[in-house]
Amino acid sequence: NGNEVGGASGTDDGKITLGFSQVGAESGWRTANTKSIQESAASAGIDLKFADAQQKQENQIKAIRSYITQKVDVIAFSPVVETGWDAVLQEAKAANIPVILTDRAVDSQDKTLYKTFIGSDFVVEGQKAGEWLVKEYEGKTAPVNIVQLEGTTGSAPANDRKSGFEEKIKADPKFKIIASQTGKFTRADGKEVMEAFLKANPKIDVLYAHNDDMGLGAIEAIEAAGKKPGVDIKIITVDAVKDGMQALADGKINFIVECSPLLGPQLMELVKKVKAGETVEPRILTEETTFTQAQAKEALPNRKY
Amino acid sequence: MAETTPILEMRGIGKRFPGVTALDGVDFRLHPGEVHALMGENGAGKSTLIKILTGVYDIDDGAIELDGEPVLFSGPQQAQHAGVSTVYQEINLCPNLSVAENIYIGREPRRFGMISFRAMRAKAAELLGSLGIDIDPGSVLAGHSIAVQQMVAIARAVDISARVLILDEPTSSLDAGEVAQLFRVIRDLREQGLAIVFVTHFLDQVYEISDRITVLRNGRLVGEFRTAELSQRDLVEKMIGKELSALESIEEQAKPQLRDPSPLLVAEGVGRTGAIAPFSLTIHAGEVVGLAGLLGSGRSELARLLFGADKADSGELRVDGRPVTMRGPRSAMERDIAYLSENRRTEGLIEELTVRENIILALQANRGWARPVPRRQQDELVAKYVEALRIRPADPQTVVRNLSGGNQQKVLLARWLITEPRLLILDEPTRGIDVGAKADIQRLVVSLAGDGLAVLFISAELEEVLRLSHTIVVLRDRAVVAQVENTDAVDANSIMNTIATGVTA
Amino acid sequence: MTSVLAPRRRAWTIRKYVPILGTLVLLVIMYGIGIVNYEGFYNTQILLNIFIDNSFLLVVAVGMTFVILTGGIDLSVGSVVALTTMVCATLLNDGWPAPAAMIAVLVMGALLGFLMGCVIHFFEIQPFIVTLAGMFLARGLCYVISTSSISIDAPFWKTTAQERIGVGTFTITPSVVIAGLVVVIAAVVLAWTRFGRTVYAIGGNANSAMLMGLGVGRTRIGVYTISGLCSAIGGLLLSFYMSSGDPLHAIGMELDAIAAVVIGGTLLTGGSGYVLGTVLGITVLGLIQTIITFQGNLSSWWTRIFIGGLLFVFVLLQRAVVRRTP
Amino acid sequence: MTGVLKHRLFWPSAALIVLLLGNLIFTPHFFSIEIRNGQLYGSLIDILRLSAPLILVALGMTLVIATGGIDLSVGSVMAVAGALACLIVVDNPGLSGVLLACVAAVTLALVLGLWNGFLVSVVGLQPIIATLILMVAGRGLAQLITEGQIITVNSPPYRFIGAGYLLTFPFAVIIAAVVVAFTALLTRRTALGMLVESVGGNPRASRLSGIHSRRLIWGVYAFTGVAAGIAGLMATANVSSADGNAVGSLIELNAILAVVIGGTSLAGGRFSIAGTVIGALLIQALDTTIYTTGVPAQTTQLFKAVVVIVICLIQSPAFRRKVLRTVPA
């Protein structure tokens, strides 16, 4: 029930008004992200104007323009794509409205267009996954056959998680990515692609999935093929949503790199600081960790999303 | 007329469709300054020959020469550029464009590269005027009756024609007045040295206008004759390929005896604004009521109201003495009324379905989807009417689109006959049907009426109406102006008089 | 003897604009409702922003109008837009001068459209499949060029992106001017040229048009070429707007374009409709989006339901105003 | 032989077979089918199983297209039905809960189909717009049901619908086969098929022949809704979770493609159920081929484009006549 927030745009009552333009609601992760922002805005006493862009940059630009005309105090948004923001950010700057980026970066020469960028680093996530794998197979010489389930082709998380991972494992020739295909970040596609992988490749040692959902789909495929996920095939995923953590705790996944959507509280702190005119760090990483099976068992009971 | 060198010569033309040899070794010569009638029964191959000539169909065998040069048009566009313009059998115009545009599209008058619609409308009005048609050239084509559309198509072709003008059954829904206008224009063009190909099933028209006749039968050439040297009787025999006895009986065809004068349908003050003024009409079982009137006088409109194809906005309809509200064709069909539209392509045929499916369609619709007509019954019914109406090819699995125009018309007639209606509304049922089949249909109407079927009969051919009807309803300017009993005193002249003056003679 | 055909109502000429006028009136009402309900909505700039934010879509939809008027469909437009941005960005990064890069992508777009038109016409394959294959092809080429976005730093793009044309406080972008030009040219071509009228004729009845001796093949290939060209122009405008090439740009734009055309009163079966209607269709979609933004408190799913609802109300009223025979 | 060549299903079938054979080059055991854990296991089985939802949706789409319409909302209807079912099953994972969920979901899908049919046949909106409304709003509805989250269910009976095996055969395939057989019987053993073709072929003539085209069109959209609803159950059961955003996304395009490849014209009229099934199998086979042969993710679209173009060209009589110079059929 996210439709309770917002209301009259009031600069008069001393409340801070935050205009937030969200990418969309394309995944559970994104919904958790939205929820976190809405809830923490409410508890921080910030008046939130929220707009969903349905995955379209023009809608986001439109929303930001409209926030400018509505004279909100701070604008925050998760860019759908990295490029093409200069013009509208220029307008915001001219109107003296500070801008905060969340979750994804924009690719702009002019760093004064926004105050700060808070979010995860997808490359680092890929690296963490790669590092774990390298460590896991330390000292062994047998070749390791890896299959990869990529995210939506062309999306930043897919590109970065792939490059970060591959960067870490490329030093050792025993790691071989024998198949890599997009699973579009969904369970159904993850399962379908994994089924095909299993038939085409008799020996798969490791599965690296760019998010939990694809990994969860793949687990079903692996089980249907009569193999044991987590044992016969080791599985690494990214995100750490609740279902993923459950599978990790059950031993079906071996390692999860967290990519936290819960940046609401951090964001609200920043909004207040920016509004007060304080200087903030230009790049703030969300507080994230990684989970092994044992850690998952511990963390699971108070996992929120 | 002196023998000139032919402007067009087709030799050994052959065309095969899957399962059908439409043309086989046909020769055809056309001289400048002549009107050449192309004759033959339905499905003889007339339209196919024309389409071969203008490049609509690829040619299988044979060669074509225009002005001594071998030609092979890639399509109507190229044919037009070479001076050959054509009115194809089915009206081929664009319903969404205006009348003027339909005449001039592709050749619009332009100023500074932009089409000048004003000039175009003016030219169109003038052209249509010369054919005796007075309609707004800016109006949308779809709003006009088939007859008007046919005139528009003719106007277009006449205006384009440079060397050869081909008219494939241009007069099938025109009344005598329009035909006269058309012939005047054709004679003018002939004077100017144009070569004209003319296809029709009206023998009188052939003798009135043509200089030479080529007869086809079953896709083969029967021969080329001078009209003056070929008697009407011989012509028919050449077309049907056997001794003529059937035709004579039509001439003597008596109209059916009225047996049971109980009113089947009564219309009181039924009308529709903008379409037809309120009229009253009674049709009895076993009675044939003919509608007479000029093109656009509202005959079809009247028929459509009785069938519920359009909604009446005034008056009352009673069937069997009980008032009915026509909510649509279904209401009429439930009361055993059937309606054959004059517009066979847009309102009749389902082109991609087979002959069998087209024939049983109305019967099936009446029964509802859940009770399919058993296949055996279908086959019997279809076989019966394919036989009775001589539908060719006789294979019920043929896709209706591939039938010749006349045979398509017979299929539609069959569709309604198998529903065994009590009132049959026939709007131009004999359009494009050959002499033999026309006699069959007329005989059928007489015999059905004899069995107690009521018929509302609309035809551009006044003679046909006179021959069959007990009562003649005369329309003019979208209103019923007279209802006369068809006694011996009534003839074409007196009806024409009524039409012209609006007063019963 | 002459025929006594009474000259009939001349009402046709006015009647054919009823759909457009009806749509326009509804649009005004919708705008009025926006003004009453949302503070700041009355600002004329809001209206101008609709065109600023949709100039590329407008151009694409204009191309689509040509195709739909012939009774065809072009699903490739979104992908061609994306491909245009990608190729343009790549060429510029390779040091091509701006005019050369622009011409190159325009030619490429037109060529893609031309090829699809040829396949549709010569091999008699349904436009849906051919353009769907075109959609895969163009999108596939984007990924082959790069899977990540390429930013455009060419000064011309920067200035065009930030340039504002306007009187007083009301401004538009050069893109809007270009889109406006495209609309005017398209409207003139459709209404007053032989090509344009042939487009309508084909939509009315392609077989008749062929028998009437019109250049059906040429025209049909022509409309797909125009659609390809318009997609490329739209792609250029998008690259101004986004300053980047991205393989994920314009996903689903084909549906938006088709929707705009059809909401604008053009029949999907062809033969009836106007470019002006398409402009109105775009405005409707833009206005719906603007209302959503002003509403400001809708969750993602309510946003979708709300869009569907507004669309429903609009087309329902439109249908009531413009009661046409089906 | 020429008789076979002329059959309208010959070319789509040939394309399917060629595509499958092409796999043998890259994956020698592509055709091998074995029994694992009492279930048939192999790539061909995967293709059959994965194409089941598409077949269902395409089946409805076939009829809609035959009436001269189109239904863009099928994906959204799938998502709504799947979401509702999962919502119910989450709390009642037993067999009765699953049955209840199926009935509720299919009923809701039926209502949505009736809604589409109402807009098209009674209100008279253009089908593409009428169904676009539900395409947009329906996805919102699905997400409303799931609250934007992925609902994961843990219910073996529910999972059975999409991923279970009955007598070694995938249950989803059995459902699809039954619905296909049912539809084929319904349309070809009654007069329904012909009436639908008639309405699509010439609506005006059909009306004048006394066909209740309004009811018919309404019914066809309702049927499509139900088919999409069942497909939604299958798709969500396959992964035991409902993702309001992802379920059935872009399936409308694939379904239309399947219909068109199967030889049904988008202009309406004649339709072929067998053709549609072959079309759907072809599309799924293409996806599976891409995954098994290891086409890199960046080039899959390109690969698809090429295959679709080749299939279309080979199917086109004009292409064979003009380029391959074969005798016309």
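A, B, C and D label the chains in the order they appear, each numbered from 1.
The rule we apply is simple: a contact is a pair of C-beta atoms (placed from the backbone, for glycine too) under 8 Å apart; a residue touches a chain by one contact, two chains touch by 3 or more.
Computed from a prediction, not measured in an experiment: that's the story for all the values here.
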Via touching chains, chain A connects to chain B in a minimum step count of 2
So, in whole Å, the Cα centroid of chain C is separated from that of chain D by 29
Separation of the C-alpha centres, chain A versus chain D, in whole Å, is 33
When centres are defined as mean Cα positions, the distance from chain B to chain C in whole Å is 43
For chain B, residue numbers touching 2 or more other chains are none
Residue ranges of chain C touching at least 2 other chains are 143, 147, 299-304
Touching two or more other chains in chain D are residues 143, 147-148, 297-298, 300
Contact graph of the chains (line, ring, star, complete, other): other
Touching chain C in the complex, chain D uses residues 68, 72, 123-130, 132-144, 147-148, 203, 244, 253, 256-257, 260-261, 265-267, 297-306, 308-309, 312-313, 315-319, 322
Per the touch rule above, chain B residues touching chain D in the complex are 18, 307, 309, 328-330, 333, 339, 341, 346-353, 357, 361-362, 364-373, 415
Given the complex, residues on chain C that touch chain B span 1-10, 12-13, 16, 188, 192-194, 197-198, 200-201, 203-205, 207-215, 271-272
Chain A contacts chain C in the complex at 1-9, 22, 24-25, 31, 34, 49-52, 54-55, 57-59, 61-63, 65-66, 69-70, 81-84, 86-87, 90, 107, 109, 152-156, 158-159
In the complex, the residues of chain C that touch chain D are 71, 75, 119, 122-126, 128-130, 132-137, 139-141, 143-144, 147, 255, 258-259, 262-263, 267-269, 299-309, 311-312, 315-316, 319, 326
